[in-house]
């Protein structure tokens, strides 16, 4: 299990290749990657704040739960903080399982929990000022299915 | 849209990195990668046969349907044929969407259709002989949800 | 008309392809003609529920008409991905 | 006890952290003490339904007891991913 919270960029290509290569007996690997969208059309910086210490604990707990629940071979979570620009990669998760349904479900579960239960907060700095991204009801509701 | 049916290996890292990098305005990228499992414990070669011509048509149709249905930014499908060994990558799909739910659903849809509606057949060559992989009822049933 | 065979259908019949001159109206009629040829065809087409068919590279059913068709393919259920 | 603030809670209060000497029995009691301090605290804690709390780095609710606790954090709903 590999959980990383970091300010520096990560290389999706390297991470995905290495993750798939180190699995054994797993037939399915799923990755999810989150990218900064220029939602405000004028986004200059997406600032991501987190809670050092608690973030790692929360991500580790979420990943362990996913691993146990779907019998995963492995889990990777990488999440950046700091100041990002449009089109930069914010975060990724990767899951490996024997069958595809488990790998998909585990990745969706990780994302749903990570969205609403890991202590990250996003602030959009645009041409017309800055504002904190509000949590979406759909993201909270998404937890109900697990 | 990028659909490739090929005998040579592909590089998941390169494909994933390039796919994510060429998106614009998309917040979510999902990849699925299928890997040869040594299911028979003694698998020497996984032979994949396909129907040249029809394969490309079927994959293109499936990808176009996914793109229209979930408003995807882009779709990638790479599928190998020929003789593969355990731990080699068989195929991958990648989807890009504004929001994560669409990217996940489109990738699962692609996989479900590709499993049962694209003309590929697998034959396992093991220590004790060779046999064609039988289609699984679950794979056929998986289509019902779409 | 080209008739193609894949996977164990190809192995059972012993060739990937036949050129067939036929007046068969439907896939099912074509199957009956092929079955009558030789035991290896009879063996391959013994259980139609275990077979799938494509007509001009589109999945079809055994009642599909063959008028104007250039290519028919027989194979087991697909196992891609 | 360390009391941490994140995102707009931090901005409203104007500091990321307070060292607090308190006899508060629960998070809710602590909130009342902080609110009484200054208008900026009153503003940050005006609507508890807009806030989340962690006690020793675990999500908790406002009735959580504070006995033996070393760190309490207040922040808005999380927006990771």
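Chains: A, B, C and D, in written order; residue numbering restarts at 1 for each.
Here is the rule we go by: contacts are C-beta pairs under 8 Å (C-beta built on N, C-alpha and C of every residue); 3 or more make two chains touch, one makes a residue touch a chain.
The structure displayed is predicted, hence computed values, not measured ones.
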| item | value |
| --- | --- |
| Any chain in contact with chain B as well as chain C | none |
| Whole-Å gap between the CA centroids of chain A and chain B | 23 |
| Geometric centre distance via CA averages, chain C-chain A, whole Å | 48 |
| Whole-Å gap separating chain C and chain D, where each centre is the average of the chain's CA atoms | 72 |
| Shared interface positions of chain D, touching two or more other chains | 81 |
| Junction residues of chain A, two or more chains touched | 34, 100, 111 |
| Touching chain combinations (by label order) | A-B, A-D, B-C |
| Of all residues in chain A, those that touch chain B in their complex | 11-14, 16-18, 20, 23-38, 87, 89, 98, 100-101, 103-104, 107-108, 111, 142 |
| Residue ranges of chain D touching chain A (in the complex, touch as defined) | 4, 6-8, 54, 57-59, 73, 75-81 |
| Sites on chain B touched by chain C in the complex | 34, 49-51, 53-54, 57, 79, 90-91, 111, 114-123, 132-135, 139-140 |
